[in-house]
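Each of the two complexes below includes subunit A, the first together with subunit B, the second together with subunit C.
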Partner chain A sequence: MSGTVQGEQSARFSLWRQQQRLAPYIFVSPFLILFCTFGIYPIVKSFYLAFNTTNGPRSVVFTGLDNFRFLLHDPDFYTAVYNTATFAFFSVFLQLPLSLALALLLNARWLKGRNTFRFVFFSPYLVGQVFVGVLASVVFVPRFGLVPRFLHATLAANLDIKLLGNPALVMPALVGTALWMYVGLNCIYFLAALQAVDRELYEAAAVDGANAWQQFVHITAPAIKPVALVVVIMSTLGSFQLFELPFVMMNGPGPNKAGLTIVMYLYQRGFDIGNLGYASTIGWTLALMVLLISLAQVRISGAMRGNA
Partner chain B sequence: MPNASLGRKYAGQPRRSSQPLRAATYLLLAITAALWAIPLVWLVCAAFKKPGDMWSYTFMPYGEPQDKLIAVDGPPNEEPWVINGQEITVGSAPGCSVRLSNDAVPPLALRLTIEDGRWIVRPGPGVRNVAINNETKAEHKLSTGDVLHIGPCSLRYEEAHTPTTRNFSDLFVHFNFGRYLLNSFFLTSAGTSISLILSSLGGFALAKYNFKGKHALLILMLATMMIPGSVLLAPSYELICKMGMMNSYLGILLPGAVGAFGMLLFRQAMLGIPDDLLEAARIDGCSEVRIYWNIVMPVVRPMSGAFCLMSFMGGWNSFLWPMIVLQSENLFTVPIALSQTIGLQGDNLYGLLMAGTFLGVLPPAVLFFMLQKEFIAGLTAGAVKG
Partner chain C sequence: MDYPPGKAPLAILIMALASGLGLLLLPAGKSSGNLEVWTFADSHYRAYQKVVPHFEAAHPGVKVDLQFVHGRAVTSRLRAAFASDLHVPDMLETEISSAGTFFLGPLEDIGFVDLTAELHKPRPDGPPWYERIVKSRFAPYTSRRVVNGVATDHIFGLPHDVHPVLLAYRRDIFQAHGIDAEKLTTWDEFLRVGRGLMKELNASSPPGQIDHYLIGLSDTDSGDLEVLLFQRDGGYFHPDGTISLDDDVAVKTMCWYVPLVVGPERVGYPVGWNWEVTEKFLQTDFLLCFLMPDWFSGFFQKQAKSGAGKLALMPLPAVKPGGRRTSTRGGTMLGFTKKSKQFELAWQLGLELYFDVDSRAEQFQETNILPPLRAAWKHPALAQPNPYWSNQPLGQLYAAQADDTPPQYTSPYIQLAKEKMSEAICDCVDYYGKKGANGFEAFVRKRLKQSADEIRRQMKLNPYH
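So, the complex of A and B:
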């Protein structure tokens, strides 16, 4: 009698041990299965596809390095890289100082309505790239749109200025729109870093006779440096993956392909023309560029830290 | 004593900013804020504008019905007005550049009324020589290519400059916008729930258990985070095709369900939970599933909130991958419908576009208003700590 009870107990106990032992595997397996299928497999497959020419998903022909050879002599690819790099350069180097300046203004202790200002600056980010693109396409309408009217009123620009129709103006329009959209986000990062600085540091510095500039250089700058690096890397990464904004604003690459970005070119090649192989080649080239640029940025910031 | 008073002087007003400096700060902030807010204010106004008002009032239209006089340039009757040419554009289009003059020059030949976004011509009092396409008519709906011959006169049109909800009703009646909104809500909430469960379960396993291959998995996830998402587009498309998930929501939900970043965030948050707490629960007879659901998840609640918000935002605005997967119009989400269906109509549907954008922006904006704190926490979770 007691033996069976004991056996039952030990069976239950081993079941208990069993569920403890198996739990992590069960917990991680749904994630793992999906991650392997839709995260790892595509990466491997993409590497394979980069050496193939495809016509749609079913006809795949191995062509070795042909894709890379073609890429090196592909003027459209160079246009896309040039546009994307220009966009990245200007959006990072305009956004960084502007969002830092706004964050510094917002960080003033006596400021009233800080949350309101922060919300206003941040709100375009909430709108999202596609919706911003739709809005921009209407706001940039020559003669009647808000932006041509504003430029006409403030800078005496021609009222018929075709911001999305003139190849020379497409990039400024894109950079401006992205600036409007992302400054608030970066401002929030900077503001969070600034608010983490102990106010007493400033007070101590003031007592020691440090002026505002010295306080900025010796207290504020070191405190926001890590965030600045994150902001630079993230906006560079984001800029290099730019797609929705120009695609929706100009409904494609724009006049003279002035708004063609790398991802848009990848999309055209892979999904309009159907060459998934070449699209993968473009994708891996993009990945390589992004990797090198991030590494360089980390290096540069490390070197700057070493000097300081 | 003098020392103490000096100390208090500095401590009490450590960085007393001068009045002009404060004023300058407020001014700068106000100007920038105005520049940032105006396009969005305009968006809201434009969503409620009548087609004819789209460009004639910068912001919200107002006021009672007004008569306006249109003076005819040049010798009348010799140069006909070509509708949709230089002088008048039919419909809501930009280009209604007819010169308006307030000095009434009788007799009035035509009354142009805007109804349903189209100009309607009726003979006015004292009409002479009015012909539309060489026919004299009592009422005529102008359309593209119509040619108006008018006598020496001026034209009058009237319209009420009041806000309208017409754009919204048109969206729902003519464009099935309710369906797109439902699609977006379904896809976004399903995607958010799935990735919340999977990421938190996986993060829990990685944070609080030891199992074979744990470190390999961590390294693998970190490595894939380096690779931009666009690398995955072509092979994922091929995979989805082979699995027969094209043009279905599964093809969007499954690839989107697992992000290494979200799972690492959960792992990070769960690492901070003391092991003793979990051990005590085990001694009390708590199963591992209950530990996850009743102990761990409540502890990381703030993190889950932030994760859900970011996931919702990302899903709501996602565009490229759904555009590749979805082909039938009745499966489209709001961003895709807006840019690919309504945006490509070409007929100057600016009012409809703005109304659709307004509706599309509303859910994230409302969420932000309700959950500002969690939102900012989620945004800065990955960045500021590092």
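So, the complex of A and C:
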């Protein structure tokens, strides 16, 4: 009898030990299964497709590096890279100072209704790129839109100014819209960093005779540098993935491809024209570009940390 | 209960197992019917909702699952489904500019059923369907294949429409200035008189400001240009799928078009898709005329209320006296998927949706879309005066031009061709805006060739071409 009980206890103990051993795998298995199905498999498949040409839905022929060779001589791809890089450059270099300035303002103790302002500036981000795109397409309408009317009233600009219809004005309109959307978000990051700075440092500096600019350069800037680096990396990578905003604003790449981005070009080639092989080539090239940019930024941030 | 890793992981484990089990036990998202149909147009969806009950009553045991799917989603979902051999509906509608992109690759790989034989089959009640429909409407849904030097056309879709284009004009304004627009039968006459009218209307505007334009024409998009290109028997492709957008017709059309949208003789202003703006155009008499395909006239009626009773329709002015008085814009095909196991049933429903005279007449009343079946044009609904359009018999006006509607030949590269044409317009407008007519024709020829060469290069990327 006692032997049976002991046997049962031993079996239960062994089962318990076995499930303890298996538990981590069971925990991670849902993620692994989903990641392999929707992450790894598409990556492997797109790598395979990048070296093939698809002809219709079923026929695939190996063409080696032909897609990559074609890409190197594809003026549309260069236009897309140029537009994306331009957008990234202006997004980062306009967004950062504006977000920081806004954060400094919102961090000021004398400002009343700070929480309301924070919400107001952050709220465009909450509605998403599609809604912002729709809204922008309405306010930029020539003659009757809010922006042309404002420009006409304040700067005597032509009432028929085509902010989304003139290739030269598309990028400023896009960058402006993105600023409106993301300045509030980046401002929140900076605000969090600013609030972490010890106020006593400012008081001590003031006692030592440091003016506001000196306090900013020697106290604020070093304190928020890590956050600034994160914001730069996030803004750059986000800019390279730009798609919905121009796509919704102009219902496509805009006049003379002025709003064509790399991801939009990938979408066009893959889903409008049906060349999945070439679309995969564009995707892998974009991945490589993003990787190189990220590596450069990580390197620069490492060097900056070293200097700090 | 003691669980060594802690209570939180235990809770997560229980939730994961419960939700996983729930997902496994839930029934898969199955179609609610046994005949699945996708349409991308809201107006079609509403019209078909009325037809489906009749079809179901006539076919006991059949349940039609009619789904309204966004146009872009139709294209991307279908492309992915054809490529991966996943679920597709039994039949679906796709828009003219994406239809051709599904005809890429060997015939046996195309996901749609080849309807050529079915359409040419003699019928007990008269000639084959092919003979009863405006022939030019099969062009956008046809893929021409050449085997051993013999060209054969394969039709993969039933045409839903003809989409003839007429000219909508502000009859109230034209009449107030003593102009009988219907007497302006050529573009030259129309532009000469229209420029005079524009000048009169703009006389009171501040210097340098134009508050009234003659006609809605885009300076960045190929949509309006292609209407005028088709009218001249031009287009993007030849029937065999070779490129025609750099031929003489295209060059001449571009040279004629660009001065209409830029420069001192400008008469055109882009219309776009914002109906609030179109309303403003009508309220402020900003635009006097519009290129008006039948489907667009339906949108106008519903969305631009300010035009009611003020607008009227007339045939397009011809390029030359006695020439074609219409063109075409847009279109929809109904395709039957090869994967469907009930083609016969789907075909019956397709015929009822597209070729039943009474239901198409009802659909016309809802959408202003003229059916491609000639027999339907005699229906009394098409002769009814339409109060929005100055009490004109809208259906008869469109039907009178329908047989003269030019073909729109297609290719799997049709989307690319439209993109490249739009880019060429932008460059030509830029050139003309800066340098005028000096060297313009040579520039247009070179620019269109550049566009065509780019498409040829993309075509060559495909080793099958």
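Miscellaneous remarks
Definition applied: the second predicted complex is superposed on the first by the 294 of 308 C-alpha atoms of A that agree within 3 Å, B and C clash if a C-alpha of one lies under 4 Å from a C-alpha of the other, contacts with A are read in each partner's own complex, and residues count from 1 in each chain.
Heads up, the rule we're going with is that a contact is a pair of C-beta atoms (placed from the backbone, for glycine too) under 8 Å apart; a residue touches a chain by one contact, two chains touch by 3 or more.
In this text, all values refer to a predicted model and were calculated from it rather than measured experimentally.
Aligning the two structures on subunit A places subunit B and subunit C in clashing positions.
Taking subunit A as the reference, the larger set of touched residues comes from B, when subunit B and subunit C are compared. In the superposed model, A:Ala206 makes contact with subunit B only, not with subunit C. By the document's definition of touching, of the two partners only subunit C reaches A:Asn256; subunit B does not. Touch criterion not met for A:Tyr182: it reaches neither subunit B nor subunit C.
Shared-chain residue A:Pro30: touches subunit B and subunit C both. Contacts of A:Gln20 after superposition on the shared chain: both subunit B and subunit C are touched. Contacts of A:Phe144 after superposition: both subunit B and subunit C are touched. Residue contacts after overlaying the shared chain place A:Ser59 against subunit C, while subunit B stays out of touching range. Applying the stated contact rule after C-alpha superposition, one finds that A:Tyr265 touches neither subunit B nor subunit C. In the superposition on chain A, A:Phe87 contacts neither subunit B nor subunit C. Of the stretches 58-66, 166-174 or 292-300 listed for subunit B, only 292-300 runs into subunit C once the two complexes are overlaid on chain A.
Residues 20, 23, 27, 30, 57-58, 137-138, 141, 143-144, 251, 271, 276 of subunit A are contacted both by subunit B in one complex and by subunit C in the other. Against subunit A, in their complex, subunit B makes its touches with residues 7, 10-11, 14-15, 17, 22, 25-26, 28-29, 32-33, 35-40, 42-43, 46, 54-55, 58, 94, 198-199, 201-202, 204-206, 209-211, 217, 220-221, 224, 226-239, 241-242, 254-255, 257-258, 260, 263, 282, 287-289, 292, 313, 316-317, 319-320, 324, 335, 338-339, 343-344, 350, 353-354, 356-357, 360-361, 364-365, 368, 372, 376, 379-380, 383-384, 386.
Taken together, the subunit A residues at the contact with subunit C in this complex read 20, 23, 26-27, 30, 53-59, 61, 63, 66-67, 70, 75-76, 137-138, 141, 143-144, 159-160, 165, 167, 251, 253, 255-257, 268, 271-276, 278. Chain contact summary for the complex, subunit A toward subunit B: residues 19-20, 23-25, 27-28, 30-32, 34-35, 37-43, 45-46, 49, 57-58, 102, 105-106, 108-111, 115, 117, 119-121, 123-124, 126-131, 133-135, 137-139, 141, 143-144, 146, 149, 180, 183-185, 188-189, 192-193, 196, 199, 202-203, 206-207, 212, 226-227, 230-231, 234, 237, 240-241, 243-244, 247-248, 251, 262-263, 266-267, 270-271, 276-277, 279-280, 283-284, 286-287, 290-291. Within the complex formed with subunit A, the residues of subunit C that make contact are 4-5, 9, 12-13, 16, 20, 75-76, 79, 82-83, 98, 101-102, 104-106, 109-111, 209-210, 219-221, 269-270, 272-274, 276-277, 280, 286, 412-413, 415-416, 419, 422-423, 426-427, 454, 457-458, 461-464.
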